[in-house]
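Structure below; questions to follow.
Residue numbering begins at 1 within each chain, and the chains themselves are lettered A, B, C and D in the order written.
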């Protein structure tokens, strides 16, 4: 039995996302299952070193996870040759500098999105990494959601015929904090703290569209601050200056129109918190986080407009739920495993820093389109 | 008992819309119920004269309706003083000239939309009508759909708090005619025959938005020909050069963002063929043609993003169906009754030729926005 | 990390209510969660001293709770400066004297309701406490029931419009003990042992109404002994001389009519053991212990009286269950935490001995109204 | 075959109640079934003469019912010996005079409630009728509701053991007319036009209680005008000066406490528009208009108060629906048949003018109790 122990500097795992999705549900889950099994005789075992600024939080996290090593000294960690991989889940404004340092220290890179606050900086990281000859990857978790994997299956098996239109609906009602606590942090609604749903979600829409429906070539976007004031974690009313909703239309080089509504102030009457309706010549699908409903041409009813009577067609019942024919791992963990295999076995892994920079680019261009009130093209990076 | 007999020249009723909605379900239905009852002692009785170009069709229509009088001679009809009202449901390109003639003949006007092929001509009709001092109205039937009346009730009673966003989804799958007959005529997909979903539907969206969510001040629109060829009524394949889908965002002077998708190539997974989701600070609603689902703030769940498990929230079950507390008439008939009351009793009727021209304007500007790839403002008419 | 250790003399915790709700589910639960967290660096830790008359029971209770200290000597406990707070859950007739002593000993006070057997004595305790400058509170647990907290949310967010009527239904079938054991103690049905549902429940209705629907200004009440004899814990038949049902109507200074039926001899066909139906101009709600059903104006059907056919309206289905958007603590524990914060941080706490006396007053006036067969006013205390 | 043709002067049948319940569903239904069958060889056939003040309405009613004779001349009708029975369904203020005249003319009497506007006048009619030796009856339709007949069955068969308490809930939401039409006439909310729910409903509660639960001996009642202004049939806002809700407690000579809430501004979360919960030593029942749910002692659960968990008992599921073992006629028709048998065959009929006066008395005393803010006794009539 050969085991590849891969030391990972995990920076920023004291945050909610880092602690839950990356440490607990990904790295610890991989450790608990005995590593990433490459063959009956060979596995990869991640060996995390927790890094952060708050020692108390690190200590608590460490004891929650069987005494994992931790440090507040990033430089020392980067100097430690036992840890060839640097992972970053800090808040966005801190990422660029830390990743630069890690590349300079010769570490491989895996990090959260947005990779930087501008696509220029994002591409700079990409070029540095390429020059340094290290391996790099960026979290693009939604691609491994069970619902999107099922959708990918439908695309790959030709279910849709030619796809021509996609309707994305993302979001839910985030309470204002006035009469009951908000379920998202107040910085989401503050521009100077990195808030705004365009910045948050367009990074995701970029890789979702690029990977499933063709490369984005142009977009028209508009943001809105629908709820102009909210109450923060300390019970203080504040003015929101970052958009809480975005209406975006993306065109792709495969001729698909993708219209996505993203909102933190929408009440959900649809199959899931994120739904993608994909229409093709031979069939359509509505994918949620876990389930996908389909309507093939052969199942498509022919409706008649007659408001004088209740519709004789059940517009939900005429769709079919696709089966769950396999167990799906947590989406973050699934991508972690692929990246670790890429690292150790050199398996292909396309979701690198360039792809990360593309996500930042789409957010940038989204703001530009909103500002110009016009379509903008998406230049190659 | 006083009865106001109102002679109506009904031009273009041999078409599907004119025959079904205007003649059978509106005018004949009013006649069968004994007219429009103004008081126990006073009613209005419409007296239709069918006009068209195809005598055989007119004859058939006449005998289907108890021998109503008919003629192919429009000029003679317009010269007949027994018929003070001219109604037009011809194909769009013929409307402008016919309505001009009718105004010149001193007739009151009631007509289908689009009132003309350009807003300039639409406004010309309006000015002529005003100068002539006659009464005029334009069909805006969707306002009297039961679902939209229920939505209006919610708006009027303050259910929503402040409304800030509307998502409109209109459309259904129109078969291409290749393997099974199409359910819409082929001219819909031919530019030079007046086809195109922007021209067809933006006239509706104009009055729906103006009447419910504030006057439209600007829009960004994009059309697409998703299915580039179809098979016509004669079984001939033809190339579609009119858009079969439109993605439009409308801004209003009340600060509401209205995003409407209109498509003849979308499979329907929603409550109805047309749905309007309206989000407000205190509650949301999804209106279909007949029914409206609501979710008040007090019913709004607080979702958590966890794709690892099935959602613990039923995103449909957390909405309530509003009750049907009154009987609703056919939408066309309801507007006919209001116009007849306007004619006889001078009751207010705001849906006149100017409003009709506004609908044409929005379609024009939709094409302009698509062409410029930019937002366009909506000037006052 | 700063910890405020608060010694609490818990007198009367050998009774069912004291042992379960106050000791196990409140104080011990607070201890197990690490105290009341004021900030990441500061907590309050309650340190109970069990006091009672039956040493064996105390010993058993102590060993059930990790060896908590206990004593049968109240005087000695009151003399102990390590215990600045006195809590009383004894039977009602013993409370007045014990609380007096505790105030005289300089202790802060937290106690069960009724605080005394007359409002005069209740107010005496209040004045003594105020004069002594100590902090004091009275258990008003129903305010922290999840159902009533949800109801409060609806009131605070303006769901009801103007509230004008409340129907309270409390109670369930208490078996007579004849053929199966009764589930309430026999003293509840004996006047001289403090029995009677008016005394028991009107204390609750006072603070529920005062806090949610306006201050009670007058009432009409009638009691009844519906089941005149029962069988006690020893299997002996006895005559009930305390009322087992009460019919009370309360008027408030906000113009709300609150009619409450309280009964130990009613079979339950409603949503819960306690339900409050609240009717307002814009909506209604029926709150139970944990859940609340609502019907907004927009959901309100228009019924027609036609006994010849089954009702076309589902009178339950037309209501919506409000969501549970937060975790709710045990109601007693929730109030304990607030009182401990009041004690340590001087946060406001309005449910003091004066409020406790008001509850006793309403019970007194309930008996007076029954006796006089007339409405009685509620004077200020 | 012997047929007793009974001529009936039906006065006031142009009103909604008279036309629907008495003429169409009772008298005409009896005629259509071939009369009241006394034996295979003997029937009673009612022969109505329609009387009213509006000839047009009478004519319309007559033609809707196969040309029944009608007249606007009451005196002439009363002088006609072919019509030995006078029926009155006029508005309340007109009833006393008309019934007096009819008695003076020697007619038998059957009439709607309230029989008069004061119990004194009501008793006067009774004494006149007795003195004249004619037969007389008053509509008490609720007694023949299927639900109340099933309840009567439970009482008669000893299901309840000893009954001690009844909770009546009557009412529903009557829209104000502001945003949607009200479903009751505006005079209901105007004192000087005979409005007020006490006057309307206490007449019913009197005979329901007297017949099912013992003679009413005292009551405490309170009315309220919960919605102080409404919009009338002409769209005019008006001030309501008649109570729209009443809270009444009735005591009976059988020791039963009957608490009835009656309201036109309550949203319905219960089994039916009228429900009577009857509690007895051996079982309880909740009767609606048509159905009755029961819970026998043997089905009674023993609830535990534990708000920390959802109730383990389904408080609805633990009741059983009683079966419908017979077909039930319209309640009005059922009583008509009994009165006709009384008239022709002298079968007993206890619901006479004295009973009608008792209903008026209870309403009078309801107002008196509200005014005095005290219980009032019910003297014998």
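Here is the rule we use: a contact is a pair of C-beta atoms (placed from the backbone, for glycine too) under 8 Å apart; a residue touches a chain by one contact, two chains touch by 3 or more.
On a predicted model such as this, the values are computed, not experimentally measured, just so you know.
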Key: Required minimum of steps from chain A to chain C, each step between chains that touch   = 1
Message = Report the chain whose CA-based centre is farthest from the CA-based centre of chain B.
response = C
Query = Could you state the distance in Å from the CA-based centre of chain A to that of chain D?
reply = 67
Ask   = When the C-alpha atoms of chain A and chain B are each averaged to a single point, how far apart are the two points in Å?
value = 42
Inquiry  = Nearest whole angstrom, what separates the Cα centre of chain B from the Cα centre of chain D?
reply    = 49
Query = Which parts of chain A, given as residue numbers and ranges, touch two or more other chains?
reply = 175, 180
Inquiry  = Thinking of each chain as a vertex joined to the chains it touches, would you call that graph a line, ring, star, complete, or other?
reply    = other
Those chain pairs that satisfy the touch definition = A-B, A-C, B-C, B-D, C-D
Sites on chain D touched by chain B in the complex = 56, 175, 179-181
Key: chain C contact footprint on chain D (complex, rising order)   = 25, 145-147, 164-165, 167, 169, 172-173, 175, 180, 183, 220, 222, 224, 226-227, 245, 247, 249, 257, 259, 261, 263, 265-273, 277, 279, 281, 283-284, 286, 289-290, 293, 295, 300, 302-305, 307-308, 310-311, 315-316, 319, 330-331, 372-375
Note = So, in the complex, the side of chain B touching chain D is made of residues 40, 153, 156-157, 325-326
Key: chain B - residues contacting chain C, complex   = 153-154, 157, 159, 283, 294, 296-302, 313, 318, 320, 322-323, 325-326
